[in-house]
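Across the two complexes that follow, chain A remains constant while its partner is chain B and subsequently chain C.
So, the complex of A and B:
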């Protein structure tokens, strides 16, 4: 107790004796203002640009929703919906693969060395070139690539299997690897923070491993699961590497639409698509949060019912 | 209950442990198979067919000899110089903000403002910068706008590196230094900076790598600047003979990035 009092004293004396250096404070305000104006403003400006009327390469400053009409035409709407579907499916796969794995990594693994190695393996990909690690799939999946060569030489097929590359299958496969760490990390961290005693207590009271997982671990891991879904699904909405290199133009996602619109100098259209994406990002965040908070409340309720 | 049949925390049996780890291994294999394949195929005479033999140094040789060398050297230099600038700028900014956060009463808003860009799809940031600066304000994009989008990408990560060390830093050390007569500048140089050094170094390494390997933002903000990832991207989306060289070039970059990441993680993990 006395230690805490001492800490408080120190904090008070620190506040009294060390008035904030005004120069430093000014620098923080200046840098933050520059950040908001230079980095966040362009993103908000998408909403403004999207409702301007394009006039050649500049704008006529009158409002119109024409850009949204350009973007929400049949084929482009199809691309948006396809992107949402691919992202939802891949995110779900990541969760199914990543959730048990993250819990095992936090609470099940015995060897400290193996744990460190796996954690390093899950960090390194963030800093590798996304294009470089995707092109090689073409050598593996292509018509005269590794898998087809093997299948042909074994005699399982007579003609190369063509749906392996430049297909939705290839895009899904190419997305699973790179986005796996973003699903595992948040869940791993939140499960690591769960006190082992809670799990032991649950087991000692006779709950099975699965019951402990459902009633004890999952409710406490909800923040990590929310973060996992956000960090996986949202950046994936704008992925251009897998769809371009592995979709081969047949599986166009939102990223290709940006390309088309900007190449056609339809800047208001690109802004409208960007604005839709920003709204999708915020909506995804809110929906995932709502679903899991709801789930959490139900779990909490169940926990109470069980304990009473 | 027979305790030796389940794991330390009592959550996993042997079989569920096997199931959970193999599910994760599927994804890790999908993640590392292309990386290992890239390195392997870069020594193959026919990399595009996915067959690792016959063995050859041809592509590595072609990288340093003659015509091709001139094509990737200049993008490499561009990427290195942008990377160094971004690394210094984002670490300095992160240091400024990260040192202040523990002393502020309410820092949530500040943190949200800096960290929210981490979840935005990269392509969206690139398009937004292009439309805002190039189209709306009429500025010519180029080196500075590539720097800007890389800075936006790297800063949140730098800030996280710095926060790991500043939140652990005991500010009473500065009071002690002040009592002993140290000036503000000496307090920072002699006391604070050495203790924050692991975070600073990790931030320098990580932000360099993030900038060096960045592609989606650069695609739109680049103007006429050609960075190394952009060069790799155009060469690999084409079906030219260049692709074989790209395997060799990417393998070198990949191995170097891997090593730098390991060094940075080692530094960040070192307890003072």
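So, the complex of A and C:
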């Protein structure tokens, strides 16, 4: 008899516990599992492979830093530093162009239709292949391209300007277009979320447009700005289209190194380079966050919310 | 200092704000028709009206947050501010939802206008603290906005606007976002704050009760025009038009024809019955034969056997319980009249006589829109 009673108790407590495993909880577990499998595991694998010894197409399971030594040779250090510099400069340019544009898009346009059209126009180029989009610059920047023809016919120069194409300048230019929307989107969203009344209140209290931008709009847009920098800079680190098509072999970026290493079947080397990049990205993100938190302690709580 | 008293006396006479011929429209809809308004120094003026009457637009135009389409005159303290942007006008707005900066502390919010004027930090802090104590928020300087209750946010918004020493404080339905109890407290606080600071207040509201209890003067607005401008008592007991009478809470409004004028009183024919009422429109403007309205408040309608004043036989309807009182509708020759009772009268016959004093009944000419 007592066994039956115990069973009954167990059944009751089971019923009571049931609602705790809700749909929401299930979804969280599922998403976390997918994230671990799809994002975390490959990155961990990257770190593991980078410290293994290559043995033909397979690995010898003994720990070594040989891959790092192979990868971190002088010319590759130069490539890494150049990549970081190009990415930093282009990201900054994107911000200087994208921030005013995002503010105008979010607060300057009253017509909803015009806003939608511009947002669509911002995305449309992405239906084109990145290579096709980028190679167009050749016919504009080349020695008998649009710009040089114009300069020659006006008489500003006697010989074509050669640094326009196959140069760092061309790579910078080629990177600006594709990454403009990834800077604009998050900033546009966070500026859109700022209540118009706050901007009016600032003006009402005596602020000029620039003062309102500095004291009200920018602090409230910080989450979007940080997201814009990350969304722009991180994918740009892996871009190989602009440097391949517009660098002319003179402006090698890190993405090309990956191609080279994988083509040479140096998988541990590629993994080591990837690991270095991942660490660099995480370090940069942490530095940005640290700087922001300490620059404006008032925004600390919001940034923490965002990063958690 | 010797010269200042004369200047003060001079400026004390001139209105703080003079508006003339203000027109504004959104697309095809004209929201302000030729508004002219003078606001006296230190007065509490209320722009009262239903939604869509243009009262908030007028307030935003005074603040400079919106530019009128046409304006003949706009003087603030004697200076032309017609094309001055909002940040160059010494007026400040308390927004309906307060519009406090969420990324700043209470103190930083209050100091904002002083910071823009490059006032040094210690001086800023001193003035912010004294303003916070004026709105009874002493010690809340370092609080975050999200930690405050609705009433406290309201007071931060007031302090933020008042700290810059504005010529006029503009309040855009500031009590609308508060609950009933808080609203009554804030009404009293606003009156005290005005007294303590001496600043001119212009308040926008759709609540006649708020307007009557707080203002020195009320501008009743309707469809972009000022329907009636006067003291709360003027509007409350002498509404000039049918719209004003209805908006100021006259429950019983009848239409009729003016038969004769007897001094201040008018004899009005309503549906065959005759009633006496006090003329609120200028006597000269009213002539026998004119279509007029007659209005009487429910609390001034009495059940009375003595036939004094206006008296009419009535059939009682079902009482409606309103908490503090009962409203009883009566069908009469004049139409349905509502009478108000503190307690349900006992032994009230089904058929009875109701009376109201001619002094309490206002009679005025019907505008073109009242004639159907």
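Everything below uses one rule, namely that the second predicted complex is superposed on the first by the 248 of 308 C-alpha atoms of A that agree within 3 Å, B and C clash if a C-alpha of one lies under 4 Å from a C-alpha of the other, contacts with A are read in each partner's own complex, and residues count from 1 in each chain.
Convention: a residue touches a chain if its C-beta (ideal position, glycine included) is under 8 Å from a C-beta of that chain, and two chains touch if they have at least 3 such contacts.
On a predicted model such as this, the values are computed, not experimentally measured, just so you know.
By the touch criterion stated above, A:263 is placed in contact with neither chain B nor chain C. In the superposed model, more residues of chain A are touched by B than by the other of chain B and chain C. Looking at the shared chain after the overlay, A:231 reaches chain B, while chain C stays out of its contact range. By the touch criterion stated above, A:142 is placed in contact with chain B alone, chain C being left untouched. Of the two partner chains placed by superposition, only chain C is touched by A:220; chain B is not. After overlaying the two complexes on the shared chain, residue contacts for A:203 are found with chain B and with chain C alike. The intersection of chain A residues touching chain B with those touching chain C, taken from the two complexes, comprises 200, 203-204. Taken in their complex, chain B has these residues touching chain A: 1, 6-13, 16-17, 19-21, 23-24, 26-28, 30-35, 37-38, 41, 47-51, 93, 96-97, 100, 103, 110, 113-114, 116-125, 127-133, 135-136, 138, 148, 151-152, 155, 171-172, 174-175, 178, 184, 206, 209-210, 213, 215-216, 219-220, 229, 232-233, 236-237, 243, 246-247, 250, 253-254, 257-258, 260-262, 265. Only residues 63-65, 85-88, 91-93, 95, 97, 99-105, 108, 112-113, 115-117, 160-161, 164 of chain C touch chain A when the two sit together in their complex. The residues of chain A lying in touch with chain B in their complex are 10, 13-14, 17-18, 20-21, 24-25, 27-28, 31-32, 35-36, 38-43, 45-46, 49, 57-59, 94, 96-98, 100-105, 107-110, 118, 120-140, 142, 144-147, 149, 173, 176-178, 180-181, 184, 196, 199-200, 203-204, 209, 212-213, 217, 230-231, 234-241, 244-245, 254-255, 258, 262, 267, 270-271, 274, 277-278, 281, 285. Looking at the complex, you find that chain A touches chain C at residues 195, 197-198, 200-208, 211, 215-216, 219-220, 298-299, 302.
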